[in-house]
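First subunit A sits with subunit B, and in the next complex the same chain sits with subunit C.
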Partner chain A sequence: MSLASIIIQLLNGLAAASSLFLVSAGLSLIFGVTRIVNFAHGSLYMLGLYGAYSLIEALGRTPIGFWSAVILAALAVGLVGVVIEVLVLRRIYRAPELFQLLATFAVVLVIKDAALFTWGAEDLVGPRAPGLSMAVEILGKRIPAYDLLLIVIGPVVLAAIWLLLTRTRWGALVRAATQDREMVGALGVDQAKLFTSVFFVGSVLAGLGGALQIPREPANLDLDLAVIADAFVITVVGGLGSIGGAFLAAVIIGVAKAFCIGIGTVTWFGFEVSFSKLTLVVEFLIMAVVLVARPYGLLGKPQAVQRLAADPAPPLTAPTWKVALVWLVLMLAVPQFADRYITIMLTDIVCFALFAVSLHFIMGPAGMVSFGHAAYFGLGAYAGGLLFKRAGLPMEAALLLAPLCAGAFAVVYGWFCVRLSGVYLAMLTLAFAQISWSIVFQWDSFTGGSNGVFGIWPSAWLAGKTTYYYLALACCGSGIALLWRVLFSPFGAALRAGRDSPLRAEAIGIDLRGFQWAAFVLVGTLAGLAGSVYAFSKGSISPSTISISQSTDGLIMVLLGGVETLTGPVVGAAVYTWVRDAVARHTEFWRAVMGGIILLIVLLFPQGLVGGLKALFFRWREQRA
Partner chain B sequence: MLTRNNLLAGTAALVALSLFGPAGAQTPIKIGELNSYKVFPAFLEPYKKGIELAVEEVNAAGGVLGRKIEVVSRDDNGNPGDAVRVAEELLSREQVSFLIGTFPSNVGLAVADFAKQRKVLFIAAEPLTDKIVWDSGNAYTFRLRTSTYMQTAMLIPDAVKLKKKRWAIVYPNYEYGQSATAAFKKLLKEKQPDVEFVAEQAPPLGKIDAGAVAQALADAKPDAIFSSLFGADLAKFVREGQTRGLFKGVEVFNLLAGEPEYLDPLKEEAPEGWYVTGYPWSEIKTPEHTKFLTAYQAKFKDYPRLGSVVGYSTVMSAVETIKKAGSLDQDKLIAAASGLKLMTPFGMIEYRPIDHQSTMGAYVGRIGVKDGKGYMKDWRFVDGKDALPSDAEVLKMRPKN
Partner chain C sequence: MLAVRDLHAFYGRAHILQGVSFEAQPGEVVALLGRNGAGKSTALKAIMGLVPPAEGEVTFAGQRIERLPPYRIARLGLGYVPEERRIFTELSVMENLEVGRQPGRSDAPVWTEDKLFALFPNLAGMRDRPGGRMSGGEQQMLTIARTLMGNPSCVLLDEPSEGLAPIIVEQMAHSIRMLKGEGLSVLLCEQNLHFSQAVADRAYIIEKGQIRFGGTMAELASDASLREQYLSV
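And now, the complex of A and B:
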């Protein structure tokens, strides 16, 4: 790269960083005050683009039309944010941690289908910014004038937020609430109003980030999920709640991406290295490195302990032998009565149930949330497929060895992860999952790349769908039973102690990190078992088994069923898989319907399905007594 | 007395009971269709309309084998795991006769392998990957759409004619882009051994950093560019490249960019002079296309996209297969599909016995701009059979039986 190219790529990186920063700043603000992991933030960004497109069409392609459209779109998105906060989130602030994520996930589904309904499926290419459509020549190379403007807008917004936070009463309240929202409430501040206003500002920033992209990016329906992962990464790399950190992280990641592209393909010692392909994963690599070196991000501080965001989790109750037996008999009997598809569906459900239970084990009782649990599910699936196909092992051996491979990865990933806590830990698990995903996705000769691996069918004696279902039930059922048993063992008790009071746990001599590491390996192995059983039931595997959406599905299942109950994840897995299948078959806008159903469950049962039903049952019994 | 345990057990029984679904009725011939409707709506909404039109026409003409047809569609979520599940559902619950559909390569390949396992006919509609008929081809899978290799090969004569030495390449980083790039490099090198590939950019699908990519390509000072971008990536690349002067004095070849799905959103910014494959729907005057166009416009009050042609032709292929087989027996269906000839809006096609690839062709031309809209000019139709490798090569790639 020549000097001129380096400078131009630097400018490209800074321009890209600007809009990333706006989105992340909003996310960071919202998280800091409300502790909500707002999955719908990317959807707000997408609405910003669509809104700006429509408003520009309405107001005309003049400078005034363009800029008023951008601002109006951002404000409109802010109002959407307020609606989401008032109608949904306000009702569930006291639900168990992360439950709000379920609600925002539902909002993502609803907004996506609403956008499809309103704006149609075709990409909408917006106009260039009037008056700024030309390029500026720098060192003999041309760069769009609009990009230069974006480079300026980033720091200007940063300064504005900084002034807002440090020089106004509202800012002081936001900072106070970020540090200790209980205390802010105790001092007589109306929290509901504060939260709503923070949601408004955060959403406006997301909308503005989107609207400003209209000359650079067509409005399309994939933007929401494309942007949300980046926004989370930047927020975490910068340090949660740190706006300056978000800016720094956005610049680092934007510039790193531009340079990966600028460097292109190079040959080192006879090996061709494509930096251009690295753009698939570079932000996650950076995040992994930053979090390993600095557990609270670049400019973040250790989080203040939240007093009573919700009541502490109640002790778990195991189902009695009688109930377990009834269920077991039922599960065994179903294929004898039901049609073939039910058996196939149940095989899926059984796999996902073990996947969800293993995730629940780590995020519930062990207190370590994982956003990248699909890593072990997918690596287990791939290990099974590759041992069978490439190493030529018998299918039965591949099926049973695969979990060990997934466990081996958990040994490595877990070692790093247990050094962190809270959302930082969750994001590091996501980073490892994404790194695994990108390797699987790129390594064509070994993993089959984006196509995946096919022709991995079970041996002849297991080929029948009913037989395979019994195998899946045996494997996953014993996995679930083992995990539940472990939870009530001293090991499980130690993990819960570590979650509820790490200091006391350490003080009575529990090697917390060691225990947590072991827990990671245990759940990784069992999620791997689920993946391996799943792979042989489908006959093929693709990188989507390791993807973010697979990890998200796991979280949805656990939260839907109820994170504070033992059987919740199993119910969640069954209900989610089944309802999605049924809804997708009968309606065109199935995502919106699915989102609506989840929202309904969220509002009716803030402890999840099982938690809610349990509470209802106890209330009913009390009334009778 | 009702205890908690009894309640739980009762719920369990209730759930189990409600799981039993009704079995489907038998009268019409059911064809199972699955596709990633919500993941690629821009292509698949017109595709679905094409299917509807074909079903209507077939049934108006009395159906096939004396029975009406019904296409049962499912969304596969763009995910091979879900696709295999809905394929199972179509076969075992809906009792469909065989499968058609799919869009992304990985889903197409997974369903093809599933078809082989279940020994049912599968007509892949849209997946472009070469592997579905070659490296991973199987006896049960047929593919309609002009493949990556074929479309690339169709552009090669123009590329060779230009005698450009320095080529830069940009492609979305997954199967389709990778195999388009590999095919292009191989074919061009054969015809023009002194060609040099000076830069290669592989942005993630849907997430191109267009400014940086355009700059990196410009830095390599290419004479020509080969791109397989489409959708939002293409729109971003076109805009950044134009603003930054990347395309000045540089010839650009872009697969698929002439398809209305991807060309129309560009409006007045459609890049003039690019060599593309696509679908100049308003200018094709063959009787078979005119008939399709008139019927489509009358039914939907909209013009067809390429997806419409694919959806329509897929159903027609399925129907003709049934007609030729004279029964719904899988062996007979497979035998009938092999070597099946039928008329589509793009003319006669044949599903080649050698690799089950259809000879559906594509339109090759250059992009022009008229009345603030992109269109294809100087186009010609290339028959698919003229863009395929020799039989010997095909046999070498395709696994036996």
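And now, the complex of A and C:
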């Protein structure tokens, strides 16, 4: 590469970094004060982009019209943030952290469909910035003037946030609440107002980040999850709560991505290395390296222990043999009465139930929240499909070997993940899932790329829908039974001890890291089994089985059912799969309906469906007594 | 000024306060004495709304406050100084004071930074120092000063002498007498009887979540068996 092209790529990277920084700074600010991981932050960015598009159309393609549109869009997104905070989050600040996460997932679904309804499914290409559409010549290469402006905007906003945080009373309150919000309340500060204002500022930053991209990227409906993944990576690499760290991380990642595109394909020692294909993974590779070397990010500090810790999880109760037997008989009997459609749906539910139970195992009792559990489900599905198609194994062998492949990946990913805890751990799992996704997505010759793998059907003796349902029930049912059994073994007890008090667990001689690693591999293998059974039931697989939305689906199932109960994930998987299917057959806007239902449940049953029903039952029994 | 009637509070399932009653008059320093785990800190937290009271009444300045959120209670003029000090470690001394700032009230002395630096001269020389880089004694002064920035008419002090060097304890006693001189009511939790005798007008003894004694410091001083039973370690 020549010096000129290096400089050009550097400038490209810096321009891209500005918007990434704005979103991440907002996310970080909100997390710091409210302790809410706002999954809807990418959606706010998306709204900023769409909003700017519409406002420019309304106000005219003049410099004044353009810039008023950008600022108005950012402010409008700020108001959307306020509405979310006041209507939803304010009501559940005392609920368990994971439930707040579920609420923000629901908001993602609602916003996506609101955007689909308002702007349609087509990508919208915005105008170039009036007055800045020319290019500036630097060392013989042309670079858009607008990009140079973006490069300036990043540091300017960084300085503005810094002044706001260090020179104003509001800033002092925000920093104080980041450390100890209960104490801030005891000093007479109205937390609700403070939280709302923080949500406003954080949302304006996300909206501004989106609006400023209008000349550079088309508004589209996939931005929400793509941007939230970027923003997570940046906040985690920079260090949660560190605005300066977010800027540094945005610059590093923006520039690294730009260089990957710029370098293109290089031949090293006879091997072709395609750097442009690395673009999708490079940020996750950087994150994995940073988190292993510096577990709290580049400029982050170890998390202050929040004082408003939720009550410890109640002890788990195993279902009795009688209840389990009744369910088993029911499940075996259903296909004898039900039609083909119900049988197929039940097969799906059984696969997702094992997927959800394995996720629940790792995030509930083992205390390690995973944002990337789809990795093992998807890798299991692909392993099954590829062993069958490419290696030519019999279907039965492929089905049973596939979980071991997923487990092998879990061995590697888990080794890194168990070194971290809390949000950092969750983000790293997301990173590994995204790395897996982009490899599968891009390796056309082996995995079929975005088309996926076709023609993976079960052997003839298993091909009947009812027969396959029984196979799925046998595989996934024993997987679930195994996981539940393990929870009550000494190994499971050690994991729960490690979740409740890591220090004490280690002090009594438990090799916590080793146990957690083993748990990771166990759930990875069983999620892989779910994926492999799922793949052969569908006859094809696509990269979406590893996508973020597959991971969030799993989280929704677990949280919907209730993370503190054993059977919750199964109920969550069944309800979610069934309702999604039922709603999707009636309306294009099934996401909004799902989101609305989830929000209602969050507000009415803060312990999840099974937890909420149990609480209702106990109240009823007490009243009768 | 502050009256607590039959207050109950729980931590999870543990019944910590089992119906305690006590009161503090305007301008009075009242000590709540008892051993570790007797329920002293929980009593203050329940008054402040930090541990929601399960039953009972708390009246402050003529108003029932047992159902109010902490910030509303603070704004009525009830200041709370926590046991662990809970200084904002990333914030400077001046910023810590800023977080505590609330508008002045007619029924209470109004504090400014300068007036507080006169009360706690040590703080005056470290205005820009982060709270995390101060000694325990300095943090104790800062946490009291921070609460006073809210211009309270009554202050709840949780173990102000705990873990401090004897000379700092002396200073604390002096500061509390100054607050009384300004007309503030003070309710303090203590295990240190000697310290309490130096500052308090009256005392209550709490044991296993119940009040076992209420009276003047002189009465307590004259009853050796009472001290033996509830306070000696």
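Just so we're on the same page, the second predicted complex is superposed on the first by the 620 of 625 C-alpha atoms of A that agree within 3 Å, B and C clash if a C-alpha of one lies under 4 Å from a C-alpha of the other, contacts with A are read in each partner's own complex, and residues count from 1 in each chain.
Going forward, a contact is a pair of C-beta atoms (placed from the backbone, for glycine too) under 8 Å apart; a residue touches a chain by one contact, two chains touch by 3 or more.
In this text, all values refer to a predicted model and were calculated from it rather than measured experimentally.
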Putting subunit B and subunit C on the same copy of subunit A, do they fit or clash? fit
Please indicate which partner A:W67 is in contact with in the superposed arrangement: first for subunit B, second for subunit C, both, or neither. neither
Touching A:A135, do we find subunit B (first), subunit C (second), both, or neither? first
Dominant contact partner of subunit A by residue count, subunit C or subunit B: B
Touching A:W162, do we find subunit B (first), subunit C (second), both, or neither? neither
Looking at A:V184, would you say it contacts subunit B, subunit C, both, or neither? Reply first, second, both or neither. second
First, second, both or neither for A:F488, with subunit B first and subunit C second: neither
Subunit B versus subunit C as contact partner of A:W170, first or second or both or neither: neither
Please give the nearest C-alpha separation between subunit B and subunit C in the three-chain superposition, to the whole Å. 23
Spell out the part of subunit B that touches subunit A in their complex, as residue ranges. 4-5, 7-9, 12-13, 16, 19-21, 23, 38, 41-42, 44-45, 74-75, 77-81, 84-85, 88-89, 92-93, 105-106, 109-110, 112-114, 117, 129, 131, 136, 173-175, 178, 199-204, 206-207, 209-213, 215-216, 218-220, 231-232, 235-236, 239-240, 243-245, 261, 264-267, 269
Flag every residue of subunit C that touches subunit A in the complex, lowest number first. 12, 48, 50, 69-71, 74-75, 80, 82, 86, 88-91, 95-96, 98-102, 146-147, 150
Mind pulling up the subunit A residues that touch subunit C in the complex? 169, 172-173, 175-176, 178-180, 182-191, 311
Sites on subunit A touched by subunit B in the complex: 1-2, 5, 8-9, 12-13, 15-16, 116, 121-125, 128, 133-135, 141-144, 147, 215-218, 220-222, 226, 257-258, 261-262, 264-265, 274, 276-277, 279-280, 319-320, 322-323, 326-327, 330, 333-334, 337-342, 344-345, 348, 441, 444, 449-452, 454-455, 457, 534, 538-545, 549, 581, 584-585, 590-591, 617, 621
